[in-house]
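Labels for the chains are A, B, C and D, by order of writing; each one numbers its residues from 1.
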Amino acid sequence: MSQNVVVIGGGPAGIEASRRLRDLGYTPILVEKQPVLGGHLARWDRLFPDGVEARTVLGPMLQDLDGIKYFTDTEISSINRLKDTWVVMLSNGLSAQVRAILLTTGFDLFKAEKKEEYGYGIYERVITNADLEDWFKAGAAPQFDHVHTIGFVHCVGSRDEKAGNRQCSKVCCVTAVKQACEFKEKYPDVTVYCFYMDLRMFGRKFEDLYLKAQKDYGIRFVRGRVSEVSEDLDGHLFVKAEDTLFGKPMKIKMDLLVLMAGMAPAAGTSDLARMTNISVGDDGFFVPSSIVDAPCSSSREGIFFAGTATGPKTIPETLSEAAAAAMAIDRYLKTPAKR
Amino acid sequence: MIDFGYGLTPSATLKIENVQNPLFEELHRREPDVAKCIACGSCTASCSAGVFTEMSLRRVILSLQRGREKETLPMLRHCMLCGKCLLVCPRGINTRHLILSIGKVYGPDGLKEEADR
Amino acid sequence: MIYQGKQRIWSEYQKEIPTDHWFYVRSCIRQSFFPASEKTFLEILRQRLGKDVYETPHHTTCGGIAYHSEAIPQETMMTIIARQFALMTEAGYENYVCSCITSFGLYSEVIEDWREFPELEAKIRENLWKATKREFKIPTYLAHASDLIYKFRNEIAEQAKFRLVNKATGEPLRVVEHIGCHYSKMFPSKGVGGAEYPYVLAGMVESWGGEVIDYPERRHCCGFGFRQYLVRANRGYSVSNTHKKFESMEPFKPDMIITNCPGCPYFLDRWQYVIAEQTGKTYGQDGYGIPVFTYEEVAGLVLGYDPWDLGLQTHQVAVEPLLDKMGIPYKPEDKYKGLNGKELQRPEFPMNIKCC
Amino acid sequence: MKERILAAYDPFVLPFVFGMTFVLGYCLIALVRVLVQLKPADRQKFALSLITPSAIARNVRDLFCDCLFHVKLWKRNKVLGYMHASIAFGWFMIIVIGHIETILYIPERLHKLYYPIFFRYFMEEQNQTLQGSFFFFLMDFFLLVILSGITIAIIKRFRSRIVGMRRTTRLTLPDLIGLYSLWAIFPLRWIAEGFTAGVAGGSFMTIPINWLLRNFMSNPQNFTLAWWLYSLALGTFLTVLPFTRYMHIPAEILLIPMRNAGLPVRHTRKGFTLAMLYACPSCGVCIDACPMGVQKKNVQDATVYMVRSLRRRNQRRSLVNAEKCLMCGKCAALCQVQLDACGIRLAYRTAQEKKNNRLPADFSYLAAVAPRQVGEDKVLYYAGCMSSLTPVISRSVQKVLEAAGIDWEMMDKDGSICCGRPLMLSGRQEEARQLIEKNRKLIEDSGAQVLLVSCAICYRIFKEQYGLIGVEVMHYTEYFNQLIAEGRLKLENGHETLVYHDPCDLGRGCGIYDAPRQALAAVGQLVPAPKERKESICCGGSVGSLTLRYEDREPITRGSVENLTANNPEQIVTACPLCLKTLSRYAPVPVRDFAEILADHLEP
């Protein structure tokens, strides 16, 4: 009977790693807290930089699950070390004794309502990048029709001590520019603003996207962090930010504001860390044994990571890390267990 | 009105209620590359006039976008059109044509009539 | 505005305010700005609500004005505050309530400092002992006077004779609540409802029938700021801030403003006169300004106290239009009479803002 | 010799007479307009040059060489040269001989405009007599010459590549009419004279045609028909001439003396410029010459279309054309009529700026810049704005000067006041004048004898506009070459294969071609480029173009690099900071500055 591997987290990292493990002859036991597999990717409409449909990435993965035992709506009740194996108790009563566990617990979207001064959940016209992706997926959204001016606020819950996340979430800048272009494609005569501190368009073809946003879509980039948002009598938003390049505070009347919520550590991270007593960084993400040359292995034997469980990553990085983790597990399982 | 020895200081905030800026739109029509500016300041750093005055093309472009041209257009008059900014611009903007176009679009009394263009 | 959104925030910032046995310290300047506020506060708590609120004549300023204007160093200020706590300990109380927002901010700051730097506390203890031979304990609970009124807002509502409702139209009065910056901006967790949407005044307004307005500049500073208004050269900066707030609230047509700090009501009230005299513009209906009240005055009005006993005649902006809206009876002729009915002559009225 | 028609008149001459009077009238009015539009000073200068013997000699020589023999075109393209020369000179000789015959045989008819042209029809000349046969022979000879030119013209029209022309100009309707009527004239003359050959006399051309078409020629009605057709063809050609490219025939006669008088281009459409606009033959040489031609979309901005849009007063097209041009001067250098293409476009830009620019420059801050004391024994080195972005140049120049033991002082060490040429090229002449005045004062006050310049752009304006007194302006290619010649600069030859790119303003602009090549020969082995010296292809980075976008400059630069590396040199050498920066972006081999390569080959 081929060896089992418990994979905790059914996002793109978990699914991809499970498929690879299956191909290597193992039987992955994929556990997903949510009722459906796919993680955040299931919610996105199109992906940067070229706008490829998320469906076309996730679809094939979801159709290739035979040979993988996956349990949705299931949580981890407990994990204990038994000699050189891990005994994992699931909330649906099942338990598994395995030599390797793969943590693909991913991230949680930063709760934008925590940034009270931006008024998410208080002003109707303030939404998050996730809400915007939902509305893009649902096709034209009625509330957008009377929108003349829209703003994208970068670094919401990222690079912000007060929001409890000093780190940069890496993907929100390029996502904001992508969404700005998509919005402008749908509503060409809308004026689009992007409020950024440092526009981190680090990846391949990201700078082209930025140039296209400026040249073809006329998106206006304001270098200044939004300080507060307020609502006037008839529900329009007043967004305040300083144009630090021009050295003047600005107050712009807008019809819609999109908060680029960053990546916060997944809720269950601390519990899992406690159960397996592996360490969690001060940023709340799991700490790999070496961030440089062993990002997939943990400080404990048999525990492996993949994806945004160890920090913000793009989808391609997550998928490649999933494959790397599968290889690491395979190599680990092939070495004879030390007595 | 009573003079209290102090008064209301006008707000420095740029209030952008409607986002139309006809002069900038006309400038953008003549030189679309102005939208590509990422305000990196290479032009200002290498500016020949910048050695002797506070000329800064970066500030000029930004002030035009914000509709505050009155503050920076006097500075633009120091430009010798030597073309160094054109050479160093990382975005490949034709800065010289931009400066020439600004001279035609802005200036003391705003937009020229389209007729005699 | 999604109301549930605000409620969710409020739920995260609820404070467990003790119900009784308070050691009360007054503000340095509130009696001179709004004479009856503190008297009304004590009267409501003691007579109307039967609470034990002790006040010793030996207590002094908290040193805030001097400290914020950089006239005295932090150590001196802390020793003064230590003496206040000593008075409280000697009086046998543990719940400390102060009438002034700046004090509340200062007390919170000092307690936080001592918690963070115990050696600083030890030094201050030594200073106090050397200076006054007194010992002190840190209050188990520090509250601001408005916290208490907020705590008992419903009890007050029960005894209310009037409600914050426009008698003629039955519509709730449109109320702008302005929270003193030192109340929750320095320590959000110390303020009821947090920093963005403090609920301490909103709670009172809602339980007394009014409707809270959220205008864009609601969290902007009222322009007080010791360093601003003390120095004449800076006063322009101070009145400009107030002007910004009024320009922002104007479209919402507020009926009144409720505040909980010594500076805010004074400046929001007086600067309306200066703005009117300088620019000719008033923000209330038909030439009057928007009346500004402290929460004690509003509580007093709701409980049916006589407006002139609440000291409303010392306001710059006429309160009569609001009293008429609420249907509160008052004798206009007594407005400028002293305690024993002696005529104090009507002060000279400003040109651009109507007074009664 | 007797007159066949005593009345010396026949209705068939009317089309020709009408055409001739029309064209002469038109040219006369045009001449008057041009002269009136000249500024008084220019007019005086022109009048003066018409009477000074040396100028007259030069005018006559140019008239013959350019108008008749097209020597310039011959040097460039043998076939085209012959075609033009044959038609022009042949036609000229036919007219002259026609008049000589009239003078000799029947001088009293000379006053009749048409008589010499249709001499054969009116006079019964016999080829028996020695004189007659001589004239017959001469006339037929030149007819043959013209016909040979016409046949080449027809071939060129349909297969321009055979004639070595990649692209020719799009012809307008009037041009086509003029062209076909021009083609028709001489064959018809040939046939017409064939008739008279049968009756009176003829020579080796006219007699055979008479024999060949004897049944056609035997019918007397055809006799007058042939002459009618001949006159009609002439009439159409002459009537339509002023509105076609053939206006260059009369116009060039006026243009050459005006050019030799050295008149400046002042206006976009008046005076000297108007003469030039008329004189443009729309030959299309400038289309192939223009470096921007690498992109098809730029072909419409060649000088021929600039002339056309100016003549048609098409402001929109003229502005786009005027602002896009690189001002490299190649079209002007190769133009058969030596049209000052850059001058016209600069005049257009100047007019535009004067009319539309409402942000006048404020160079008051220049007053504070103090001159740098240098004294006679030091060379004053002016690196120019661009050189601060190519430090290798100023560093190498200093190294070479030190090696040659020359004491120097750098004028713009901490920030340069621009030489003014980019500002002038943008059309802001008076503002450029302010920079020029300030720089001139700084240079003259410095007391230096020699102003050394390492930028071709600055060098040209220092030479042309500054009028420096007591200061010799030298481009570092000239100066270093002189130092080598004087033996003060010792170099060792590295024998690398080099190709030298002539910067437009240095080569075409100031005529410096050989100095750099001689100097480079001392350090490496020069490899020629297919197109160089006067035909060097602009690097594409010129600040002369106001509107060229960055992406559109790349193909131009690649075209220039391709030409330079045709004979695969190991290195490209140029003598201008702008060319250096632009070429090195796309060149497959290292691009080095003139001083840099010299500095690397200094004898230890």
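One rule holds in what follows: contacts are C-beta pairs under 8 Å (C-beta built on N, C-alpha and C of every residue); 3 or more make two chains touch, one makes a residue touch a chain.
These numbers come from a predicted model, not from an experiment.
Q: Based on mean C-alpha positions, I'd like to know which chain lies farthest from chain D.
A: When every chain centre is compared against chain D, the largest gap points to C.
Q: From the Cα centroids, identify the chain that ends up most central relative to all protein Cα atoms.
A: B
Q: Which two chains meet at the most C-beta pairs?
A: Chain pair with the maximum contact count: B-D.
Q: Round to the nearest whole Å and give the separation of the Cα centres of chain A and chain D.
A: 67
Q: Could you please state the distance in Å, as a whole number, between where the Cα atoms of chain B are centred and where those of chain D are centred?
A: Those two chain centres are 40 Å apart.
Q: Measure off the straight-line distance from the CA centroid of chain A to the CA centroid of chain C, and report it in whole Å.
A: 45
Q: What is the distance in Å between the mean C-alpha positions of chain C and chain D?
A: About 88 Å separates the centre of chain C from that of chain D.
Q: Hunt down the residues of chain D that sit against at least two other chains at once, touch-wise.
A: There are none in chain D.
Q: Can you tell me which residues of chain A touch two or more of the remaining chains?
A: none
Q: Can you list every touching chain pair?
A: A-B, A-C, B-C, B-D
Q: Using the touch definition up top, name the residues of chain A that touch chain C in the complex.
A: For this pair, the touching residues of chain A are 113, 116-117, 119, 121-124, 228, 230-233, 238.
Q: Can you name the residues of chain C that touch chain B in the complex?
A: 232-237, 239-240, 243-244, 274-275, 277-280
Q: Which residues of chain B touch chain D in the complex?
A: Chain B reaches chain D through residues 33, 46, 48-49, 51-53, 73-74, 76-84, 86-88, 92-94, 96-97, 100, 102-104, 106-109, 112, 116-117.
Q: Under the stated contact criterion, what part of chain C meets chain A in this complex?
A: On the chain C side, the touching residues are 1-2, 5-6, 8-9, 194-197, 214-219, 251-252.
Q: Note which residues of chain D are touching chain B in the complex, please.
A: 323, 353, 355-363, 365-366, 368-369, 385-386, 388-389, 414-418, 420, 422-423, 426, 428, 435, 541, 543, 546-551, 578, 581
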